[in-house]
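Reading through the structure tokens given below for one structure.
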Amino acid sequence: MKVALFATCLVDTLTPSVARATATLLQRLGHEVVVPPGQSCCGQMHVNTGYRREAVPIVANHVRAFAGAEAIVAPSGSCVASIHHQQAAVARRAGEHRLADEAEELAGRTYELSQFLVDVLGVTDVGAYYPHRVTYHPTCHSLRLLKVGDRPYQLLRAVRGLELVELPDAEQCCGFGGTFAVKNADTSTAMLTDKMANVLGTHAEVCTAGDASCLMHIGGGLSRLRAGTRTVHLAEILASTEEAVTPDQHTAPAVSA
Amino acid sequence: MTATVPPKAPTFLGLPTAPRGVGHLRGDQSFPDAARGALRDGQLRANLGHATSTIRGKRAKVVDELPDWAQLREAGRALKTATMARLDDHLEELERQVTARGGVVHWARDANEANEIVTRLVQATGTSEVVKVKSMATQEIGLNEALEAAGLDVFETDLAELIVQLGEDKPSHILVPAIHKNRAEIREIFARTIPGVDPDLTDDPRQLAMAARTHLRERFLRARVAVSGANFAVAETGTLTVVESEGNGRMCLTLPETLITVMGIEKVVPTWRDLEVFLQLLPRSSTGERMNPYTSTWAGVTPGDGPQEFHLVLLDNGRTAVLADEVGREALHCIRCSACLNVCPVYERAGGHSYGSVYPGPIGAVLSPMLTGVEDNASLPFASSLCGACYDVCPVAIDIPSILVHLRAEHVEAQERPTAEAVAFRGLAKVMSHPRLWHLAQRASRLGRLIARGRPTLPNALPPPVSGWTRSRDLPTPPKETFVESWVREHGS
Amino acid sequence: MSAREEVLSRVRQALGADRTAPEEVVRDYRLTDGRPAGDPALLELLVERVEDYRATVLRCAPAEVGATVRAALDQGLGSGWSAGDVVVAPGLAEDWRPAGCDVDDDRPAVQLADRAASVTAVAVAVAETGTLVLDGSPACGRRALSLLPDCLVCVVTADQVVGSVPEGLARLDPLRPLTMVSGPSATSDIELQRVEGVHGPRTLLVVLAG
């Protein structure tokens, strides 16, 4: 299958290794990966901060960039949820009905990584090797808007060498919430503190999730505390193999090319 | 987000909102400012964490027990939607039926008018004491203050409301107004304020409940006027409903000669049969019980049984303004179960008082700004991480996150002069909708590498608004190359 | 414009001139429990659910209600009670009443607070939620009767026991003053932990006949 990769603005700019790992994984599974160069952002941050009118041209750019793609995959539950639940609505509200129809149609072909792997490709064992103690945080939009359910767990359980430990109060939000983390920084930090306490309580080496944004939040907090636990995106774990894993992978996980 | 309060009488979508200067829908601080203090109150955090996790567990257990919960929830949503679409007809029918059964119906445009009506009705009975059943509507309009200003003594009879009243405190939860107090604090309030209380009173919840029973018993028996709210009012029969636990509601609804019920206009349901849905949804969502201990229903006046004078006050106070908002009107479907508060990670940490309104938590963050006009509660729609837990548990499926996002836009679009934030977001939107500009901006973000000076993270001290992040979290140093750049370099575009 | 007219006109303005027809309400939830009223399994369920509220259920044959009511009063009041402690609903079946007990009349309601216990019938019982409904009929008595005495004994007959809330409500007259009772009075106001016994009767005893 020919898969168009939507890196998302945050991953592309700040954690490109997550998009790289997604591409590597899909290629290893025998699929052709294309990266439309015109991509930028889904528009979620604008919509969720109150700039829904301003989000319309961003949506238009996204639709333009991915026009004609057979399947679109993003390593972010939150961005995919925005594509599914917000893009067409903001376009329609602005009277851009053609754009809304196009966005709706594109959303039908857009998948979050774990859903794409399990539902579309029908794989749970992606041949990964990751010899670490890992806990999984089910991010809110993956969990509640996309309803990815236990798909990430299915994928993680099939990774050789990986010890999966349950995260207490896993379904509680980490406190990121986009601009919430800045506008309500104190409340957000209180939520983050409880999330970190639960993560640290598992004594996992790695906290993983399907959203780079939430991981940047949790990871930013853990890093500030100089905690040993690091955050690694689900795509990076699934991309790791015996040939390419290194013991100290940190910001740049080793993946097979 | 620095809302300047316009001087003219507030409206929302062209309809009058709840007036200023009366009632409890507006706080005197923004949410972030109020939360800052609450977050540092370790006792409050412990009390809320304990109470909300207890009730979350109970609710989940009794909801899972019903095989048709999803169907009930969908029926509840559809019933409320259908009711709102014909709200005027249902209200007129309710008025006809209540009147036909010996009740008197009053209409109140807003809090001031409702307070005047109730005060006048109480004064007409010649008594100076009023017993009250816990009611959100009367909290909303500040009825107690209005009655007290008229020289009347008001006694809250719900245990939690009593705790709040005796402690000269404010309610912080829809169902359990004293949720922010633990048993030891409640014991202290009772020991200090209840005359003649047993000096050996312990903090055992049973003993505390018994102290309240003793304290209020005489008042119930001598009360001549009671004020209540209503959970539901059935239009086709004129049947009012109060759902409660302690029996204080029954005391107030049964013993006095006069009963005055204040009810928001959105509480009407078309038919008796509709209660078969709501009486299953409400208790399980609210207290996590299969059924609450007592539900009372009455239609007008029944000779020889209960109050022989019944007044129903139908309250607008901004509700029609909410109804005018096609996205936000769903908030009127709320049956005040408080399940959304109990699952909300923001509520659990910041507490109910941070919202500044009698309606706290997720539902309050949408309802209060619409009742008052968004600019009078502009920080509330932003007091959410949009995690969506509230929507999942709402028994009538109110899409609270979508309404929050909608109200954020209403606030942004209401600003007459562009804020710094708006300038930034508009600029960013332009950049993000033009790939060439976007790639330039991504390159510019690498300036961060200069200030990081080789470290993996940026410095902690950065100017606002980034400081909101970096005060408590590290920000990674931007990489040398974006993913798209490196891909294009390797594969061509 | 009167407040009434103004509120109604605001509602109409809010809904707009071209308001859409109300959507169809689909009632595909369980309308019945599937078991007929009085089914033995429903009686079992009712007992379990009522006891879960920390109320007491005494089961008996239809002919033994009178004796079982007395046994219930023994439990609720202690064996030393006298007939004068107990007030019953005026329409309660003669052979269910303790001999010589007080029968409610048109005395001021607050005087019922002087009695230690009351005995009433019910209109319907819902097994799934452990709910008894009193409807103000002569057998159930006025509302104050089941409220003021600290111990309440309710007699339920098997044919009154239905499975679900919809079946229960369908049997009731919404024009009567109804009281739905699910266990003794209780509160969850302190740390959201349930404590039985506040302003309403602190003791609830159910006599289930059949």
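A, B and C are the chain letters, set down in written order, and residue numbers restart from 1 in every chain.
As a convention for this text, a residue touches a chain if its C-beta (ideal position, glycine included) is under 8 Å from a C-beta of that chain, and two chains touch if they have at least 3 such contacts.
As the structure is a prediction and not an experimental result, all values here were calculated from the model.
So if I look at the partners of chain A and the partners of chain C, which chains show up in both lists?
Under the touch definition, chain A and chain C have B as mutual neighbours.
Mind naming the chain pair that shares the most C-beta pairs in contact?
By contact count, the leading interface is B-C.
Going by C-alpha centres, which chain would you call the most central?
Per-chain C-alpha centroids ranked by distance to the global centroid put B first.
Find the geometric centre of each of chain A and chain C from their Cα atoms only, then give the gap between the two centres in Å, rounded to an integer.
Distance between chain centres, rounded to whole Å: 53 Å.
List the centre-to-centre spacing of chain A and chain B in whole Å, with centres computed as mean CA coordinates.
So the centre of chain A lies 33 Å away from the centre of chain B.
Taking the complex as given, what residues does chain B use to touch chain C?
13-16, 47, 50-52, 54-55, 58, 67-68, 71-72, 74-75, 78-79, 81-88, 91-92, 95, 101, 106-109, 113, 157-160, 163, 176, 178-179, 182-183, 186, 205-206, 208-210, 212-213, 216-217, 220-222, 234, 237, 239, 245-248, 250-251, 253-255, 265, 272-273, 275-277, 279-280, 287, 289-299, 302, 304-306, 314, 316, 320-321, 323-324, 329
Which residues of chain A touch chain B in their complex?
Touching chain B from chain A are residues 7, 9, 11-16, 19-20, 23, 35, 37-41, 43, 46-55, 57-58, 60-61, 65, 86, 140-141, 144-145, 171-173, 175-192, 194, 216-217, 219-221, 223-224, 251.
Can you list the residues on chain C that touch chain B in the complex?
Within the complex, chain C contacts chain B at residues 2-4, 6-8, 10-15, 19-30, 49, 52-53, 106, 109-110, 113, 126, 128-131, 136, 142-144, 147, 165-166, 169-170, 174-195, 197-201.
Would you tell me which residues of chain B are touching chain A in their complex?
Per the touch definition, chain B meets chain A at residues 1, 31-32, 35-36, 39, 45, 345-346, 349-350, 382-389, 391-392, 405, 408-413, 421-422, 425-426, 428-435, 438, 442, 445, 456-457, 460, 465-466, 468-469, 471-476, 478-479, 481-484, 486-488, 491, 493.
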